[in-house]
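Take a look at these structures.
The two complexes that follow have chain A in common; it is paired with chain B in the first and with chain C in the second.
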Partner chain A sequence: MTGALRGFVAIAFAAAVLYGLQRTTPGYGDITSPIRVTGKPGQRVEASAFSIVTGKVHLARSVTIRSAGRGQALTTSGVWVLVEGTAEARSESLGLTSAQWLGPNGVRYALSQRLSTAPGILPAQRLEPGLPKPVLMAFEVPQGQLSGGTLLVARSAWTPLEEEVGITMTDIRPDDIRPFLVLARSEGAVPWTLNAQ
Partner chain B sequence: MSADQRLTLRRRLFAFLIAGVGAATAAVVSFAMTVYEAANPKVVPVVAPGQPIDTGRWIITIHEARSGSIPPTGTKPLVPKKLLMVEFDLNNRSASTSNVFLRLFTIDPPVANLPPPVLYLARDKWIASGVNPDMPERMIAVWEWPSAAPLPQQVRLRITSQIHKRRDNLYGAPGWFDRDPVAVVAVAVAPEATGTAQ
Partner chain C sequence: MMAAAVQKGERRRYWLSLAALAIVLPLAIVVNSWESAVAWRERNVRTALVAERGAAQSYAGAQWQLTGLTRLAEGSADAILIVVEFEAAVDDPELVRKGACEVVLTDDKERRWLPAFIPARAVRQARPAAADKPRCGALLNAEKGNTIKMAESFTIPASATGLKVFLTVAAARPAYLIFK
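The block that comes next holds the complex of A and B.
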């Protein structure tokens, strides 16, 4: 009888161990997820292939793109987040095609394609080593996901084990949301101007 | 052969018998379930326009359908076209921005030579890109109807679903996978309002 009991206990123990292993084994997505290099706003964050500094963050309910004398107002059900920054390649020319706003609840908001033709927008820029270039990132984010958000920038969104820069965006206050913002082309060193109108 | 050996043999035979009966039962049950499901296909519920439909990854609400000749951009095409437009609300329930809503619904039954629809964001009156989570958007799907076929009075849309798997069967990677249709929506096609044509 004790033999049968011992067998039962052994099987139950093995099942418990296997269940624990199954639950705690990191998934393929976790194992191959991008490796994050963290930083702060205003600070130069260096990944092995590129570096990026974020500057001003503009919040607005509506963004008007002004080009060739015409203006198109783009509204959103959330808030427009426009992040200005400077990016630079480190050893070879590259483009940064992926930027995401990671909200405090873990939801990822990709770059808004609606502003993809705006001057200086990040995925359209070709970065050269030694030549820092001003870049603009535009997101549409629900108001509740603004404070506590993280900006994630990577060469591409789907490459496994690639480095990504994660910048914890502090100092984002919903009071700063402006009703309108005008984004226009500029001939200066920074190829855009952002004005509240 | 000793008594001990005979006992072991009987035990092994018994174990084989149990395993064989178990395997046979499993095969029969599985086969019978397949046959039963093929004989009694699941009826896809018909949902009225305006009712939200949970498709797993998206919540979609079909509102109205209309015919017209001017796409939502407002630009009259050079060659006159027959367009079928369906307005719907879309809410992304996944954890990231996605533009995989092109295959979310199809016209049922399929129409010959019908190109896939173009999806417009009603807010911009321009071609839609990704839809963000927790930010519902009004969209317009536009089919360019074949010139040979008449526009229908009513359109039936079959809405598919997707489920999320934490580990898929091939790599163990998380992802969204297509599942069976969850609803059919029948909407009347409103004729083109002649007053708004430019």
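The block that comes next holds the complex of A and C.
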């Protein structure tokens, strides 16, 4: 009798343990997700392969790319977020092909393809060790996802277990959204200029 | 009597099995990771062949020689361009054609620069002959007896010192070539 009871308790215990293990097992996506290196705006954030500093953040309803005297206004149903920064490779030449805006509700916004030919845009830059390079990132984000957003930068969006820099963007105020912003090519050290119109 | 004999045999098997684990477990790890270890060795274990300045060095089925190393101003104060020109006299086209060729520039802080896809405008102006030379991938149409002239250009900080040029051809790894 006590033997049967003991067997029953052992089985129930084993089942409970197995259930617990099953529920707490991280998924494949969690095991292989990028390793986040966090930092603050304006501070140099160092991953093992590259480092990045963010500078000014511009918010606008419309961005005009001015080239060869002509301008094309790009409007959006959300808000344009243009992040200026400086990036540098640490030990080997590389490109940073992935930048994302992680909204406070967990939704990720990839770089806007509409500004992919803008001067200094991040994925098009080849970064060399020892040579910090000015880079520009452009996102289209719904207004509600602005404050509390995080900027995520990585070598590629799909490489498992690579490092990813996460910069919590404080100081983003919807009051700062300007109606127009003009992005023009520049011959200086920074290959673009950004002006409110 | 009978029971004791069975027990004795069982006991022996138990200890044998336990002892076998000490061999089987490491063996299983080795067998499972063998392929990865081979791949890792191909990427990371390297044997250097040094090509002295002005002398040819046999490597990957060809005679390699550095023919030029030029420093050019890049336009900004802290960056310079390095143009590396080299040639390969092909002995064994089969071996040379097999696999990609990679050129890397390193300095004494172990930083590694990869070559530019297209030579910069400054290279075209200052060394048009080098800018017209193909990059290392030109080995794919190697013929026996040919000498292939190649060039690669790099953008590096002006402060970098102790520069070395590394060249690897996939088929010849783990051996690699250093130009000094």
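General remarks:
We take it that the second predicted complex is superposed on the first by the 181 of 197 C-alpha atoms of A that agree within 3 Å, B and C clash if a C-alpha of one lies under 4 Å from a C-alpha of the other, contacts with A are read in each partner's own complex, and residues count from 1 in each chain.
Please note the rule applied: a residue touches a chain if its C-beta (ideal position, glycine included) is under 8 Å from a C-beta of that chain, and two chains touch if they have at least 3 such contacts.
Please read all numbers here as calculations on a predicted model, not as lab measurements.
Applying the stated clash criterion after superposition on chain A shows that chain B and chain C can sit side by side. Applying the stated contact rule after C-alpha superposition, one finds that A:140 touches chain B and leaves chain C untouched.
In the superposed model, B is the one of chain B and chain C that contacts more residues of chain A.
Once chain A of one complex is fitted onto chain A of the other, the partner contacts of A:93 are limited to chain C, with no touch recorded for chain B. In the superposed model, A:176 makes contact with neither chain B nor chain C.
Least inter-chain distance for chain B and chain C in the combined superposition, rounded to the nearest angstrom, is 19, based on C-alpha atoms.
The interface of chain A with chain B does not overlap its interface with chain C at any residue. Within the complex formed with chain A, the residues of chain C that make contact are 76, 78-79, 110-114, 116, 155-157, 159-160.
By the touch rule above, chain A contacts chain B in their complex via residues 27-29, 32, 74-78, 100, 106-110, 112-114, 116, 140-142, 145. If you check the complex, the residues on chain A that touch chain C are 90-93, 126, 128-131, 189.
Taken in their complex, chain B has these residues touching chain A: 95-97, 121, 123-124, 126, 129-130, 132-137, 166-167, 171-174.
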